[in-house]
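Before anything else, here is the set of structures, which you'll find just below.
Each of the next two complexes has chain A plus one more chain, namely chain B in the first and chain C in the second.
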Partner chain A sequence: MIKAEQKPMEEILRSIDPYKKILLSGCGACVTVCHAGGEKEVLLLASALRMARKKIGKPLEILEATPSRQCEPEYAQELSELSEKVEAILSLACGVGVQTLVRFFPKMPVLPGVNTTFLGETLSHGIWEERCQACGNCILEKTGGICPISRCAKQLLNGPCGGSSKGKCEIKKEADCAWQLIYDRLSSLGQLYKLEEIIPAKRWGIESRDSGLRRIIREDLKI
Partner chain B sequence: MTFKERLESRKFVVVAQLQPPKGIDLSEIYGHVERLKGRVDAINVPDLQHAIMRLGSLSVCALLKGKGMEVIYNLSCSDRNRLALQSDLLNAAALGLQNILLRQGDHPSIGDHFEAKPVFDLDVMGLLGAVKRLQEGYDLGGNDLQGKPQFYVGTEVNAAARGHVLDLEVMDMEKKIRLGVEFFFTNSIYDPGLLENFIKKVAHFKVPVIVGITLLKSVGMARYMNKHVEGTFIPESIIERLMRASDKQRESIEIAAELIREMKPLVQGIQIIPIGWENLIPFLLDQVGL
Partner chain C sequence: MVDFDPKIIAFCCDQSGYPSADMAGSLRLNIPKNVEMVRVPCAGRVEALYLLKALEKGADGVVLFACYEENCQYLRGNLRARGRLSYIHRLMEKIGLEKERIEICYLATNSGVKLVETLQRKTEELKRLGPNPCSEGK
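Up next, the complex of A and B:
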C-alpha cells in the first residue's frame, strides 16, 4: 500500500495561515493503515491546529471528515457539501487523494498534510518499508520475488555492486542488500541458475514514470 | 607495444592510477606523468570516483594521450543515462582513446554532492551491451553509426571474494566476458592467498587479470579500509609492520613491493593506486625490478 508521513506541524500551520475555516479530510484507506491520515489522525491534528492557532490569537474553525477512499470519485464527492462551508481543504490523503479533490473542487485550495513516501509493506507495528516503485514492468519472476528496483540503491539488475557489507547496503546501512536477499531466496528455491541470465536494461522511457504521465484504459470496463 | 598488445601477448603490464584534479590545474598530474613515462604501460584515470566531483576522465585521458602516454578511459553508470554514456564512448573513440574501463560507479550519497540524483539508467552489463552494439556499428536505439568505434574493454572484479560471493563473482565474470570484456582490474589485494584462491577459480576464462595495490599511507588508513571498504582484507601482520616502522613511507613501499613480488606470478599486471604518493611509484617499481 501507499505509505505516507504527516508533514511537520510548522509547515502545515504555514500553509493554512491565510484561512479561518478549513475542512480537514483524512482517508480511510492506505494512510489509515500507516497511521498518517486516518480518522484518528484527523481528530488529533484538528485539535492540535485549533490550539496552535488559538495560542497566536488567530482562531481556526475546522470541519472534519474521513471518506473511505479519497482517491475514488464517489467518495471524494461526499465532501461536496462540507467544502462549500470552508475556505480551503487540508488533506491527509496521499498525493493521489489530494489531486482527486483538486479535480472535484476546482475553485477550492487543497493543501497536502502528509508527505507521500513510498509503496511498501508493514514489517511490524510502526515499521514500514519500500517494496515497489511502480516501474511499469515487473521483473520479480527473475529475481526470486525481491525487487532490485525498489530495494537496491543503484537499482542494479544483474547482481550486487560489491559495496555491501555483511549483507547490508553500502548506502543505507540499516537496509538489507537487495542482491544478498535475491541470492538467498533463489538459493533456497534451488533457482540460482536464474542468475546466469543477463537481465536487459529497463525501458525507463517507455514503461516507467520517465515516459511521462501514465494511464491505464480498460475498454471492457469503460462506460 | 601498446597496453592491449602486451596483455594479448601475455606480457606483464604496470598501470598507475592518477586521479584527475578538482579543478582544471593539470600541472601536478603532468609532472607525475613525466616521471612515470617509460616506467608504466598505462595511466588509469578514474571517472568521478567515490562520487567526488572533479575533472573528468575523458579530457584528462585525451590530454595525457597528447603527451604520448597510454591511458585507460573510465566510464561509470552512476552519473549518465544511456544517451550520455554512448555519446561519451563515441567522444572517446573520436579522441583516439581505445582502452576503456567500465564501472558500475559510486552512489552520489557517498560523495561531495550527496543531494544529487543517481542515474544508473544502465547497469554495467547494460553498458557493456552498449559498447558491443557501438562496435558493431549501431547504437542501443538500433540506429546505424557513421564509423564504428573500436575499444579494448575492461571492467572490475572483486578478487577478495570468498564463499558464495566468490561463486557469484565468477558467474558475474562469465557474463561480462560474454558481453565482450577483455581484461579485468581487481580491487586492492593485500593477501596473496586470497588472490591465488580467486585466480584458481577464474584461470579457465583466460582473460587477463590486473591486480590492484593501494599504497598504505598510515595505520589509520589501513584500519579504515578494513572497516569501511568492502572487499579489503589487510592482514594484521601488515598493520603491525606499519605501526612498528620508524620510516612508515619506506615500510609501506617495502610491503607493496613484497606483495607485488608474491602476486606477480598469479596475474598479468598490477595497478598501483598511490593516493598522493605518486612520486614514490618509480622507487617502488625499482624495488620489484619493473
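Up next, the complex of A and C:
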C-alpha cells in the first residue's frame, strides 16, 4: 500500500495561515493503515491546529471528514457540500487523493498535509518499509519475489555490487542487501538456476515514468 | 494569578489509579477539588486524542495514572500509554504549549497517598504555568 508521513506541523500551519475556515479531509484507505491520514489522525491534527491557532490569536474553524477513499470520484464527491462552507481543504490523503480533490473542486485551494513516501509493507505495528517503485514491468518472478529496484540502493538487476558486508547494504548499513536476500530465497526454493538468466536493462523510457504521464485504459470497463 | 484554580483531568487505570483514588477518599486525603477523574479499563485505552482533547476542551493539565512497568494486567497497556504521551509531548512542543501540562504517573493499587501528592504538586505546577492558552472559551 501507499505509505505516507504527516508533514511537519510548522509547514502545515504555514500553508493554512491565510485561512479562517478549512475542511480537513482524511482518507479511509492507505493513509489510514499507515496512521498518517485516517479518521484518528484527522481528529488529532484538527485539535492540534485549532489549539495552535487559538494560541496566536487567530482562531481557526475546521470541518472534519474522512471519505472511504479520497482518490475515487464517488467518494471525493461526498465532500462537495462541506467544501462549499470553507476557504480551503487540507488533505491528509496521498498525492493522488489531493489531486482528485483538485480535479473536483477547481476553485478551491487544496493543500497537502502528508508527504507521500513509498509503496511499502508493514513489517510490524508502526514500522513500514519500501517494497515497490511501480516501475511498470515486474521482474519478481526472476528474482525470487524480492525486488531489486526498490530494495537495492543501486537498483542492480544482475547480482550484487560487491560492496555488501555480512548481508548488509553498503549504502544503508541497517538494510539487508537485496541480492543477498534474492540469493538466499532462490537457494531455499532450489531455483538458483534462475540467476543464470541475464535480466535486460529496464526500458525506463517506455515502461516507466521517464516517458511521462502513465495511464491505464481498460476498454471493457469504460462506461 | 492568585485566583486561578487549575482544572485537571485525571485518567485513572482501573487497576491502579482508580483504586488509589478510592483509597485516598477512604483515608480522607485532600484531593484538589478541581480534578475530574475519568475511569478507564487500562491506561492503554487512553488514546493520544483524548489527552489533546482534554486540553482543547478546557483542562489546564492532564494526569494519566497508570500501573507500574511490568505490572499491567494487559501486559503492555502502560507502555502504550507512555508512547502516546511522548507523541503528544512532541506535538505540544510544536504548537507552542508547555509539555509539563500532561504527565504520566505510575501507581500500585494502594497508592492513595502518591496519587494525592501528585495531584497537589500538579495543581501547584499549573498555577505557576497559568491557564491553558489553547483551550476553548479562554
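As a working rule, the second predicted complex is superposed on the first by the 223 of 223 C-alpha atoms of A that agree within 3 Å, B and C clash if a C-alpha of one lies under 4 Å from a C-alpha of the other, contacts with A are read in each partner's own complex, and residues count from 1 in each chain.
Here is the rule we use: a contact is a pair of C-beta atoms (placed from the backbone, for glycine too) under 8 Å apart; a residue touches a chain by one contact, two chains touch by 3 or more.
Bear in mind the structure is a predicted one, so any value in this text is a computation, not a measurement.
Asker: Chain B versus chain C on the shared chain A, clash or fit?
Answerer: In the superposition, chain B and chain C stay clear of each other.
Asker: Considering only the touch criterion stated at the top, classify A:Ser68 as touching first (chain B), second (chain C), both, or neither.
Answerer: neither
Asker: Would you check which partner chain A:Gln77 touches, where first means chain B only, second means chain C only, and both and neither mean what they say?
Answerer: It touches nothing on chain B or chain C.
Asker: Quick one: is A:Ile198 in contact with chain B, with chain C, with both, or with neither? Answer first, second, both or neither.
Answerer: Only chain B; A:Ile198 stays clear of chain C.
Asker: So in the superposed three-chain picture, is A:Lys40 touching just chain B, just chain C, both, or none of them (first/second/both/neither)?
Answerer: After superposing on A, A:Lys40 lies in contact with chain C but is clear of chain B.
Asker: Of the two partner chains, chain B (first) and chain C (second), which one does A:Glu10 touch, if any: first, second, both, or neither?
Answerer: In the superposition, A:Glu10 touches chain C alone.
Asker: Between chain B and chain C, report the minimum C-alpha distance in the superposition, expressed in whole angstrom.
Answerer: The answer is 27 Å, the least C-alpha separation in the overlay.
Asker: Share the list of chain A residues that count as touching for chain B in one structure and for chain C in the other.
Answerer: The overlap between the chain B and chain C interfaces on chain A is empty, containing no residue.
Asker: Spell out the part of chain A that touches chain C in their complex, as residue ranges.
Answerer: Touching chain C: residues 8-10, 40, 43-44, 47-52, 54-56 of chain A.
Asker: So in the complex, which bits of chain C are touching chain A?
Answerer: Against chain A, the touching part of chain C is residues 47-49, 52-53, 55-56, 91, 94-97, 133-136.
Asker: Can you name the residues of chain B that touch chain A in the complex?
Answerer: For this pair, the touching residues of chain B are 78, 82, 104-105, 107, 109-110, 118, 120-126, 129, 140, 156, 158, 164, 168, 171-172, 174-175, 178-179, 187, 230-231.
Asker: Mind pulling up the chain A residues that touch chain B in the complex?
Answerer: Touch residues, chain A against chain B: 153-165, 170-171, 183, 187, 195-196, 198-201, 204.
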